[in-house]
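What follows is a set of structures for review.
Both complexes shown next keep subunit A, but they swap its partner, so subunit B is in the first and subunit C is in the second.
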Partner chain A sequence: MPVTVRTFTSSGDAAAALSSDRSARYLGGGTLVMRALNEGDISISTIVRASDHALSRIEATGSRVTIGAGVTFARILAERDLAFLHAPARSIGGPAVRNMGTVGGNLFAPNPYGDFTVALLALDAMVSVQGGLGSRDIPIEEFLQGRERQTGTLVLSISCQKPGQTDAFRYRKIARIKPKGGSVITLAAHLPVNGNRIVGARIALGSMAPTQIRARAAERALEGRSLDAATISAAAAAAAEGTAPGDNALGSAWYRREIVGVHLRRLLSGQE
Partner chain B sequence: MAKTALQFRHNGRDVAIFVDGGTNLLVALRELIGDMTPKFGCGQGGCGACSVLVDGELHLSCLTLAETVAGRSVETLDGIKDGPNLHPLQRAFADNFAAQCGYCTPGMLMAAKALLDRNPSPSRDEVVEAISGNICRCTGYEPIINAVLAAASGGRARA
Partner chain C sequence: MLELRKDIFADERDDNLKEIGKPTQRQDMLGHVTGTSPYFNDHMLQGMLHLKVVRSTHSHARLRRIDTSEAERAQGVRRIIRGADVPVNLNTLLSLINFGKDDEPSLAVDKVRYKGEPIVAIVADSEREAFEAIAKVKIDYEPLATVFDVEDALKPGAPVVNEVYPRNTFTYHETYDRQQLRFGDADRALATADHVLEQRYQMSPIEHAPTETNGSIAAPDTNGRYIVYTSTQALFFSVDTCAKILDVPSNTFHFIGGTVGGGFGGKVDTLTEPLCILGAMLTGRPVRYVFGREEEMQYGPPRGAERIYIKDGVMRDGRIVARNIRAYFDSGAYTRLSSYAAVKCAAHLPGPYTIPNVHGDVYCVFTNRTPATAMRGFGVTAMDFAIECQMDKLAHLVGMDPMEFRILNAYRDGDMKAHRREAKNTALIECVQVAAEKAKWPIREEFRRMSSRKDGGGARAAIPATPPESHAPVAAPSQQRTTYDRAPVATREPPPPPPPPSSPTPPRPNAPSHGATRFSSVFGTRRR
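What follows is the complex of A and B.
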């Protein structure tokens, strides 16, 4: 069924069009919205696009990085200052999907996708959105919890602090097909160390709940401690707490709960 | 609903068509331009059979809104041969038995071309990575990987 395509030069006009029409969806790289159209999703009657250059800007020279919502994973991989995000970017799709898929779209990607967002959640990213009432910054966790209500808002950019030490940020995606495949589970950890102690531990999980979530019990097990064998065991034992994984063709909920601690242990102890 | 006029370069030739809103590039190429080389596989971005190059970058035409290629250059398998002469990649695919049913072949060739255009002598791992978005259910991939490596090494088939 034909849909109406509306293209705007300013993201503000695109956001206004998006918020005034419940059946409008924003088209970024196309890997979600075009797929929905190909599958005959009749809830979409309008496609909104914006050619605003601000949406594809990367600011990565300082300690805080800002990535426009329209930046593709291929561009992240080409950016030396974003090396800490290369592992999550590389874990997504094949080359064509990385040439098309965007950071902003990944925030809306349902299970078993949305791996990049797992990394952003562990990095306490802020999501800058524009709705009918103006723009504002939302912590990514809050954004994800209300994701179903966010379809009328336009994501402008995502920002986060660069990890202080390179090994403070770790990422691991478990897939059945390598190098490409949907996520069985995805894990990201940000463990800033002050002296010998972890301060501000963040563990984020993908495919362990309807949206990406933080493993708060595992974070508590790590907070204020040094990353030794006992601490890693305590975090691994707590990894499944508070999660609500589902069954799909890649794995059952039971399997996901069984393996999440195993992979968290490997991630924290630096095993391949 | 009104159609939208769309102009772009298709294999080095300017084309102008009218598309319905929401038409994807694969439908535009096959049904409106008559280029049957990109294939419809899954329509979800999972198989790579519809792969084309947009401004030299590998894209999935089934997930590309046709209007987004306005003024850009689209290259499909139909454009890579030089008259009656096969492209070195096509020749290598034939020599290395890299096609069985052939349905994935156009997408595989475009993914391989995207790789060789920017990296003329890739490693085996780089070839595997480059075709990782393309599914083949016949060959087990080995002949395809060997064909790409053969084409990269100047068309000489490897032992």
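What follows is the complex of A and C.
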């Protein structure tokens, strides 16, 4: 059966087409879907596209930013108001992939990809999706836990609060090949400080489980404390707790568990 | 920046050369920088069909049953090709120079020996339809015991990977299970050395990762000929390989290649051309067969992994008196070119150093891994890595500067090499001296004054007494056998080719032109 391409002007129509056809996939930048098609993935028979401008809109002037699902990483890098997201955007692929790859697609990128989503998870983003029954906002953590069931929905945008202080948000991707390699592990930390105490710590990890996950034990070690050596050590020691990394060509599960604490320590203590 | 050190060996070199040392324009550069170089995949022919192969999901398994009935009925499928359709479904690349036994089918018949081995080829109107038909092919596997480690493969009782080589080692000169080098008495010298250092070095397979994946397009031409656009990096080698597998004279083909989108050794194996041409023969239509990226990375042949053991005896003054090397080349399930890599490796021992006692054993071993092939200096690169790591460790052991240690042990003109040939035009000492100078690495005056042309020969030209080794007769294989193994007799004839393909029969105007007796100084004389 040949592959059918369906293009819609409204994201609502595109979402309806997605939810009514199990073999349909939404094509954003194509860095995942076209690769799958080229490699012979016959589970995809319909490609759905939407030319809705809302999907490529960025609202970043206020304290809360909203990024359309179709916004590319190249556009994030060109946006001064999104400076806090430049490090994760720059860590993805090479210039060609950043020109095509989108924020929405990254939410579905399997290991060892999906680095931008690690940053969004640490920032407690909301994912706005349109399903057959209308649009709704889902916390990103919940979205990722049910990611396999989200294929019939269309992601419209993501939104998150800008970090209050610039050093409250930190990001680090560990790759063997720089600058374009896949992730061995990826770490992001959001550590808002109130009167020298961390309030609302969020640590997110990539390649440490089938989807991006939070390091809750490390978060607990940081919560309510000041970021001193003892706190950092406690967080680093707890980094691997609750994780379920896998083996792949870039690293073994054992190796990932061994290094996650080391890199979390470096991230929290500001070491290069 | 290129710097020619014309002061060194000035009297040995003719400086009036027309090309060497002078800039020259590459003939393909203009096409590359303007994006006009033609690649094989730039030919979109009318009515072109697409070929894809069904690959084994097991590393070692008997093929109980291959059911293509549903795939044959799938939309867009023009032809299913099975092993029995390939005129000569057993080949080894270097059979063209009479080296090695035919050991690899184009499409697996009785069993598969590595994960990803092609079993069935499907020719369809589109790639998509070929992929959909692949999903409809049902293969009943009976998994067999696997072996992935070179030393495990040599142990008694190891699974037999390839029945053509029942001891899991390539057979040299129809007798030997290894390449062997003996010079002096390494065991005795190791016993009397001041220090002995034994180390193990393990390499990984390396994928060539070309930008353009392996592929070809074959189309029927006039007069029963076929035009073949190909990515091969060894065009005439591929022509003859296809002529042999398809059992037609090589002038049946008009191969057009030359522009290779990255080869590095990964495009000599002629993996796509035979099936592509066969598809064109069986359908009368142009056929395109191109590896996907995952196929290229997973099943395209890599540089093989080597395991190397080096045991050196060194004296307190820094002289290496003995070097014992054991190397295992992981050929994967089929020979391809690894047999030749082991020959090159043995010819390279013990590195560019004069060592009076050398003992070398180099094995080409079969395992259930993806077959390995050529890649930039294969056979030598890994061994040099191991030897030079070892040289640094030895220098550290005797407390010498590593540069001076290499100069001290470097071969010089007139020395006897372990292969019993006199060393000529040696230049390692000068290379190390210039490298040290460029790196601002201080070496002592006496080492700066040493020369490849001084103090060689004399006692260093002697061939030391080499104790004879009792050659144990090659034992019958003791490995675990499957019902698919051929009898363990030393049969030197390749098994009879499978029956010719069913209708329509590809044209076979004349008898094939193979069978000439050839001679090679490395491989000897052999009639195919």
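What we mean here is this: the second predicted complex is superposed on the first by the 271 of 272 C-alpha atoms of A that agree within 3 Å, B and C clash if a C-alpha of one lies under 4 Å from a C-alpha of the other, contacts with A are read in each partner's own complex, and residues count from 1 in each chain.
What we mean here is this: contacts are C-beta pairs under 8 Å (C-beta built on N, C-alpha and C of every residue); 3 or more make two chains touch, one makes a residue touch a chain.
The model shown is predicted, which means the values in this text are computed figures rather than measured ones.
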| item | value |
| --- | --- |
| Which superposed partner A:G94 touches (first subunit B, second subunit C, both, neither) | first |
| Contacts of A:I42 with subunit B and subunit C, given as first, second, both or neither | second |
| More subunit A residues in contact - subunit B or subunit C | B |
| First, second, both or neither for A:V3, with subunit B first and subunit C second | both |
| First, second, both or neither for A:R176, with subunit B first and subunit C second | neither |
| Which superposed partner A:L27 touches (first subunit B, second subunit C, both, neither) | first |
| Overlapping contact positions on subunit A, where the subunit C interface meets the subunit B interface | 1-3, 35, 38-39 |
| Complex contacts: residues of subunit C adjacent to subunit A | 52, 75, 126-128, 131-132, 134-135, 292-294 |
| Contacting residues of subunit A [partner subunit C, same complex] | 1-3, 35, 38-40, 42 |
| In the complex, subunit A residues that touch subunit B | 1-5, 7, 27, 29-31, 34-35, 37-39, 47, 49, 74, 93-97, 99-100, 179-180 |
| Residues of subunit B that touch subunit A when the two form their complex | 1, 4, 20-24, 43-45, 48, 51, 57-60, 62-65, 67-68, 111, 114-115, 128-134 |
